[in-house]
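Below, chain A partners chain B and then partners chain C, in two separate complexes.
Coming up: the complex of A and B.
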């Protein structure tokens, strides 16, 4: 456990000592503050507009930090020639995979929470925060999607080069976030190879749209039930475990 | 207590179709400095990687302190200095040593004292809080040496330890290795610097194309070579001139 903790700490230091995070934070804060000053809408619409822009930016920046961070962990260890030294210590390959993926998740989660706090402050400054339950549920579910996407990018990096793993993780994430719910119908309407391929994508890839509650926050709809949140949590944990296990299967006896 | 911390018997390693090690056997006695020699591509680094559990043998047995090299128990007792030392450039030496120390579950107070001693030992105490990105190659090599010693290992595996060091640092390193030996540590040193090996090693092994060509006590080997230098003896051995 202490090995995993040490690896998590290393990934944290990496993200906060590089400029990417600070650039994203400043950019997001500037856009949010600017958006909240626009007076072309009535008050209600400004609040919705700020929420929509804000949440979209937070989700995008968090994903754009999380995926590369997770996908480059193994490659960076190889490029820096630190992998052999690290794995010559009492660290199992399984601990390496879990530590690096968990590190990427927790580091990107911390960045997300900072972004989210800025967002809440800006919406509070406009005088209407919305339902706190919706905000908690949306934040929690997006955290779960970060867990799954970092595990996915991390697992892919054991099979592919870092840029390929990163690209594929982005493709899968946006594909399933935007079209996940409709993929089954697309597959049904397709012919030839596209049909089984579409079905496979629908059933094998994690449905990232399950983790997206932005519309409820933007429009102040009723929160979802906590039972459903529990089911989605189990779904996220299952996919995370499957991704990490597949990475371990590939990496456990790989010569270094 | 195992009197031979490193035992390799009939080890064969292949990378695809090419044979990296072909039935290699060797034993390293406790408390001695073992020189591991061979031309480029002979299989020295592969042997070291097997000892560290980074590469798996196809056949044969490998024991490190009586355990499989993949066993974390074996790795707890080993320190490793790679040939081209490279560490996390965004960290300081202090953070690097804390990180590696944490992997060994060393209690914080013990670790802090040990890190302070190691930084003094390698002459980096003054720059302990400077990021590694600002360090010269020789300074990075010193960080490497400190990380290899952070767990106070029983056995040190050193791959070209003098690489990148100036003459003064080499002399200091030689003194340090002999000091470690006097404290009962076992050292497995792979090097091209035959003059260094000649000065510090008790026993040497020479490999070529993944096979053992010659092994024995340095004084016995050199005795049989009637006064030639180790360098001359090595060249003759790897080119097939010595029996």
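Coming up: the complex of A and C.
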């Protein structure tokens, strides 16, 4: 357990050692503050467009930080020739996989929480924060999507090179976030190989749109039921476990 | 160090040259001068973005749901457009809906719970203002999008109490679309109904009628109704200004729209007023002059 914790700590610090996080934070803050200052016909209480821009930036920046961080862990250890040292006892390959993935998740989660706090402050300053329950649920579900996406990027990095794993993780994430809900319809309307392929994508890849509650936050819809949140949590945990397990299956017999 | 200094010097030189060239030719390139920063950056793509903003404003009005397709790729309920009987896409009981002719799909069920799909509208000034940024962008990015201009003006003057801003939007729209009679008609309505400025409403309705004349065949039912009403309101505005003769002319033109057997109450009202004016001194004088 202490080995996993040590690995998590190392990965966690990595995100704050690089400039990416600070650039994203400053960029997001500048855009949000600028957007919130725009006056439309001198109405002061227009806030939904700020919420939309803010949440889009937060989700994008968090994913852009999380995926590379998770995907480059194995390659970085190999490049620095520290992998063999690390995997000397008492760190097992399973612990390495869990520690690296969990570290990437917690690091990106912390970045996301900082972004989210800035977003909440800006919307508070605009006078209309929206339902706190919606904000909590949206933040929680997006955290779960970070958990799955870091596990996915991490698992892919055991099968592919780091850039390929990163690219594929981004493709899967955006494909399923944007079109996941409609993939079965596309498959139904397709012919030939596209049909089974579409069905396979629909049922096999994680549905990242499950974790996106932005519409409810932006437009003040009612919160979803906590039962549904529990179901999606189980879904995220299952996919995370599957990804990490597949990574372990590949990595356990891989030469260093 | 040297290359950096050289690079900065070259960039400064390029900047100064570019500025000087612009200063020297800006009055000879009126088109470029008139373009705003968005136009220069985006070119013709800005019209497409403008139209997308208009669609976005409509989605905002419906709680983030798009008119053609909701998040799940299904058309938004048209039944619910009537406001009274709200038709909902989603399964209100929370049962897992099945695919058409297929097995229940749990992924679709979760998607439906996550994504709100009920039909609803923004209500009250506090909520309705949320559309304004997108409407304002839509009409500025695509100044030829008449629906965007008319909608922006409608929300400003009709729902949010910003009559002068609504007029400004329409005046700008008319300047950019000189042949769009519908914008003149809408402007006339504001002068007539909201401002009670009958001199302006008469002038604008007359302009609207002039622009629309000859295009009656292309009009739909709604436009055709507006065209008829423009005649009546032009006549009424003139009548209120005491210009009975000219009012009489427009009343008679308006009467021509009603069929012989038409029982519309407005027809009876106009006929009575026409009789009244025709028998008055000024009405009779006007027709003598015209003849």
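Couple of notes before you dig in:
Methods note: the second predicted complex is superposed on the first by the 250 of 256 C-alpha atoms of A that agree within 3 Å, B and C clash if a C-alpha of one lies under 4 Å from a C-alpha of the other, contacts with A are read in each partner's own complex, and residues count from 1 in each chain.
By our rule, contacts are C-beta pairs under 8 Å (C-beta built on N, C-alpha and C of every residue); 3 or more make two chains touch, one makes a residue touch a chain.
A quick note: this is a predicted structure, and the numbers were derived from the prediction, not measured.
Per the definitions stated earlier, placing chain B and chain C onto a shared chain A by superposition produces no clash, and the two fit side by side.
Look at A:81: by the touch rule set out above, it reaches chain B but stays clear of chain C. Applying the stated contact rule after C-alpha superposition, one finds that A:3 touches chain B and leaves chain C untouched. The wider contact with chain A, measured as residues touched, comes from C rather than the other of chain B and chain C.
Distance between chain B and chain C in the overlay is 23 Å (nearest C-alpha pair, rounded to whole angstrom). Chain A contributes residues 38, 40-41, 43, 45-49, 180-182, 184-185, 202-203, 207, 209-210, 212-213, 215-216, 218-219, 221-222, 224-225, 228, 231-232, 235 to its touches with chain C in the complex. Across the complex, chain A is touched by residues 15, 49, 52-56, 72-73, 75-76, 78, 80, 82, 84, 86-91, 95, 99-100, 102-105, 144, 147, 151 of chain B.
Note for the complex: chain C touches chain A at residues 60, 63-64, 71-73, 99, 105, 107-108, 110-111, 113-116, 126, 129-130, 132-134, 136, 156, 160, 162, 165. Residue ranges of chain A in contact with chain B, taken from their complex: 2-3, 5-6, 9-10, 13-14, 17-18, 80-82, 84-92, 253, 255-256.
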